[in-house]
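We just call them A, B, C, D, E, F, G and H in the order they show up, numbering each chain from 1.
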């Protein structure tokens, strides 16, 4: 993408040279620095600004709305990632778009044609317990979709911490680590105490009573003495998106 | 202590046999099942009921009040344990009662003559960080005062968990383990995942911001997937008192 | 179980004596102190480390998943305890495994062949009100399953505290007491003011409005001036598990 | 006090009869139903409306402001009750108004000439612990000031509940009971389970950590299964004021 | 009811006179001061201790359980009040016990034969809005059931406060006032600023968003500068029960 | 409306002149200053006092109740606005009152005959995201109903803030701006940093986990460094009502 | 201020006509749409954008910092309003800038030369209690400073609501009303139920215990059934700023 | 660092070849995988494991303790970074270690000899307001200390968002961006909506009332729809530490 300065200077030079009328230049300039983005669809804009394409957040959208968006994206040959798709909608989407596939555990629907690997290293997704796997799976699918080599290591929580230590080799291969944990949310602290790369903590809503729907795990992660980056409860997508930004550096 | 049933039956037999007048028996019976306790001072009562003597909670008491209580306990040759004594009061107490000693880190003043060991095994007091030591020290002093063999293991928190694993031998010797931790409060979960004896978790008010004065650590412990018993924030006394009850079984 | 040190030294002596090749010893040592656990199934590991076998937490698992786990445990002749099993799944489990039985009030499914009593004394489970009974029942079933002599005393809450005092004899026989209470959560404090053994408090989610789903009872227990050990809301399992650890000492 | 209807009708009859001019009646009527109150000082108004005189809430007022109010009340020969007066101001007030007296524990300054007893029965003020006494004392002084026979029963909390049962006679004499309790706030529930008269619960800010400045005790009281009326944390004044309203019925 | 002292003394005199054997007296005395209560059913006990009979809290009980309790109470000719009965159960109860009636708005089922008025004055039940009426109706039905003359004044909240002032006459006739209010919970403060009798405030769960399920109204009432007694959210029963205790003084 | 003083004086002059009897004047005066309002129906009263007619809050009302209210309002030829009407009730209302219309997105039912524009300028309703649109639509419909020229600008949240800046012209035309936003609730701050007119912020319950049902957005708005007026979560009605009050000045 | 479009078009015409070089136009355009603002000091910018000048928030600034800012503003002959200035700094400021004055109750320092009235009507500032006056005074001083006719009405809270009704005339003269209230925060609802103009509610931190530092009052205001606009706790400045925006419409 | 597997195999080969005795190997192996770390001082360990040296958290440490740690680190020629050092201690440290320097705004003391740049790109530290600068400065000093090229951009918050847009060039040069913001915490969302690199959000405790000591800003960041990584309130250190981990990738 040309920088904005380049574009403005070129335009002005055109006006000075008579090849562009003041009125046309006015139209062009009026929206700078945002015109670039508005000439095109939203998803393309984000691609330019953030380097990552638009994603469909499925929660609260009807099947019809999601179909429309997927259809118009496919018409432009853009790959599709839709998160928070419940099984019923997921199966109907897979029926409507046979080139795509639905991952039930991750609740994601994807149509992926561009198989280029764009992340520089391995993103490792860890879950503390079995119940945290759906959040971890969302992170796994999102990370893979964005072109990262991604591996998973599930059910290695602190109640049997030897399971984690048994996998030190895998831990040490990762360039970025995502850890999903509910209950007391202690695992990210342990992992960040071991590895030398960024650890991203995702609290999950797993638990009952004083887990407060995941707030206890969230608070534990924010207070980690091992320095981890924290995301919202169950936000596997956000963690993988952020890991992708890091992994492309 | 005779059971209450024994006492009532004996009393009634006395009345039936004419050795006790109905009026005297009435006075005696009126307060059952509480008369036993009220014949004596409060501290002796607790000794009988709970097997553990009365303790002075120093917070919110003046130096003069504490002196009075200590004095009247010593007059009865009862050992003294006063917690939450700030350094100024502590030094004045040590001056007023030279047979006693003040532990500044633990903020405890003690006069201890009865050196018998009454706990059956070792109570191990662990702190996650250096800042949690005052709470751990309170537990240590209280546990020792109540006649338990007590050891400490400090600064073995999850940011460098190898420090804990390096002390597995000590961990495995304990009959009861107390773990004081602030911040994310993760250490009790780790310890309880390793040892086979009861682990008592004490959240500390160490931290800032989202530590919410220790609430985050408290919540983490309540949600522990390793099953620990949780006490109030900074309540080193309660943890040691409860460990004593266990260790006498 | 041999200690880990014994095992390592034996292995090294084998290598020095030529009876074990360095490569084989390497494989063996690589996982120590965790190899022991990984050669075998998870449940056996916990048996070794904690002295208490693995338990199935039913919440969030499908009937099929639970069946698989129960089946593989039975194939190894391990007793089965599954908690948080709703009536529908419970009945289907009882159908699939006729040797087991489902306790609807406790929401537990058990297959218990080992009838040896391993706890040293009586565990007494108390409920404050009728509505707290499901949590108390979970504790009762879990405590019994782990080989403790267990009795129950229900509906003796503080609105009619004479009901508790009428049962002082039973109270005084217990080696460990578990008290489940919702609403204002006051009963554990009363009980711990009477008995001389460890009292474990379990807040329940019973109540409405300012009960905040059990948080009010939880806070009351954490602030008890009678020193009780507190567990998460509705965590009858945890209380009984912890009581078992104590009762085996 | 004549009812408002009586007054309006009398006024209108006066206008009809020519003894009152429309303009004068207008001035009188303009403020009805509030004129009665505004012709006079605020404190007299409350005396009429509520039957209880105005009280000075000392917190946040300067010594000079309090002096002014006390002076103007005394000029009208109104008795004075000022609450939340710290010792320094209290002593200066006692110096400025020698007819009054300052109660340090209750933090109240009073000038009381009207010694008539206006409450019909005994108000009993109970404190759970020694630290709750200042709140209980505020209730005691306020209750006495408003002309109620008032007694106190302190330090009978649930950690040694036999102390309460030893005083059943006193409990049963009361027409209204006020119970101040911090920590787990359980005592009001116990008392209300025993007596047949209204029990007013006052949580105190006594405690630390999870006591949340008295919120835990407050929540416990609101959830009491014994039906108690709850007031704000440390609001001994409000409890005694409300008990006075009851005791005058 | 004879006092406990009378009973004990009579018993002992009987033993001294040989008319009562020590063993029989022992049985009798063992449970004092609680035997009185335990010889009889729970509901009769409360009648003696509190002067108010047992009530059935319907929430969380099955139709069969409620039927059993109602049946056994009717067998003893005790009047029945069951609260928190949903319409389905209510209609079935009315079918099973044709002598009773179900109030759908109040969600109460009652069988009432004793029509004596035992409260000394009028209890007035006020609701702030139309949506608060179910809570007010519960208070109304409970108050009436306990033998109080009871009136209602609904929908007079602060958004149109003239509606309240229009009913000052009714307000001034009441001996006790109950005010149910959701949203900002301001009405009890207004009412208590006007009347000279005890005002009991019941927050309701009416509202959305920042009403936090009634917590906002609850907090407002606890902070009332007009001194009101506060009960748990939606606890119309507790308010009427407490008003009854006052109204019988 | 004549002022109250005028009315009272006129009445008194009538009495003095014999044209009004004291008894009639008494009836009239008894309710002043509220009689004016009570002579008429509630909705008309509000019209006089606030200049805005009564509105039907549909939540918690049955279809029959709403029908009754709508019917009686139409009988008086008053326009109708009913909010929080779910689609099922909305369609039935539209069937029962064919002159009205139901807006599903806004969940509002309206019968509007008075088409006069009474607001002085444009009210602009902005939504941060697509999911916030229902709340924004409620504000839009209410604002239009009350006679304000109203426009909408949706989906211009901070994740792509260029979308907002692209609409600066529209922003600058508004006399009052309403901004509905969930999640982090940042958009009102941005808007208020740009425009010079009052900005009304409405947090929405959109989000998950740490959004706490809209509390996070609410808190953000209350802390805005751009000075915005904040309303309850999802309270699109309140925002439009308040904007109407401003726009009529 | 010329619109941005005018400025861009003029610039381009200059380039087309050769009177402006492309490079100069580039510099000018680079910052559009923000250059306008950056040519000038921040305070002047806000004056243009919002129509209200920059204000100094004194909290957390040193005396020297505040002096610098005041000095540089005076050098440009801009009027000065500094809020949250404690008495010590206030007096020193008044010494350093004798043309200014310090209002201790409002904690504001002002230098005001422009005495033109720019608000169209009266802004009325109401306080519920005496303790809320500092917040009300901040609002009063700020409102006056911004050129609004402003009056005050203090100590008319709901415990004696007749005081408010006695001032209906003043209430009805206001174009905007600001109400500061702590404790239960009920007064804004009452006021908004009476007047037909916008009511702005400011919770204050006045209270104790369950007032939660003003949160209870804040929640009450957000839930007001009378529709008020709510600001942050103690934010008298924000309320007056917002009232000014309204009053200039 | 050699991998653990290499080390174990080498050791075993030594034993097999007789160059290492079983007993010596046992000592060596006993602590694996943690022996490596324990042979050396803690700070060196972290250097190996995380690639980042130990840092001194000054809060709660005495001047003497800090001096000891600094002294022993300097004895090993390790650079020193001590955070949360108040001005008094900071000046004394600078006196005791003249080679070091104290940054008062950042509250950091540093001794830095190793000037090599180890981060690959620019870390940009942004503050929303002037009051957020101390937290931003902590991040700035820490980031610089760890060898990152670091720049700052302060006071560009959302109340005047043009200030941010005026610095787009600087924004676009950064490889990692740290944004410190208090109040409504909106700035990180804006920044992350613009740049394509990881944005790290640090809430600050700046604000009052409903800012809840920074919790409101924290919640806003966790709910950001622009995907930012969130740290604890005021945790400038953690943000810079995490940014360093990213910038070394």
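By our rule, contacts are C-beta pairs under 8 Å (C-beta built on N, C-alpha and C of every residue); 3 or more make two chains touch, one makes a residue touch a chain.
Quantities reported herein were computed from a predicted structural model and do not represent experimental measurements.
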Review point. In this assembly, which chains make contact with chain C and also with chain H?
Key: A, B
Point to revise | Copies chain E and chain F touch via same or different residues, half shared test | key: different
Point to revise | Rotation, 0 to 180 degrees and nearest 5, that superposes chain A on copy chain D via CA atoms | key: 180
Revision key, fill the gap. Most remote chain w.r.t. Chain H, using mean C-alpha positions, is E
Study note, to complete from the structure: Taking each chain's mean CA coordinate, chain C and chain E are separated, in whole Å, by 39
Practice item. Could you grab the centroid distance between chain F and chain H? Build each centroid from C-alpha atoms only and quote it in angstrom. Key: 50
Exercise for review: For chain D, jot down the residues that touch at least 2 other chains.
Suggested key: 33, 160, 165, 193-194, 209-211, 215, 218, 222-223, 232
Check your understanding: Can you name every chain pair that touches?
Key -> A-B, A-C, A-F, A-G, A-H, B-C, B-D, B-E, B-H, C-D, C-E, C-H, D-E, D-F, D-G, E-F, E-G, F-G, F-H, G-H
Practice item. Spell out the residues on chain C that touch chain D in their complex, using ranges where they run on. Key: 128-129, 157-161, 183-186, 189-190, 192-194, 207, 209-212, 215-217, 219-226
Review point. For the complex, which residues does chain F have touching chain A?
Key: 131, 160, 162-163, 165-166, 206, 208-211
Review point. Considering the complex alone, what residue numbers of chain E touch chain B?
Key: 5, 8-9, 12-13, 15-16, 18, 21-22, 25-26, 29-30, 32
Check your understanding: Any idea which chain A residues touch chain F in the complex?
Key -> 31, 33-34, 37-38, 42, 45-46, 59-60, 203, 205, 213-215, 218, 232-235
Point to revise | Touching residues on chain G, where the partner in the complex is chain F | key: 4, 33, 49-52, 120-121, 165, 168-169, 175, 193-198, 200, 218, 222-223, 227-232, 238, 241-242, 245-246, 249
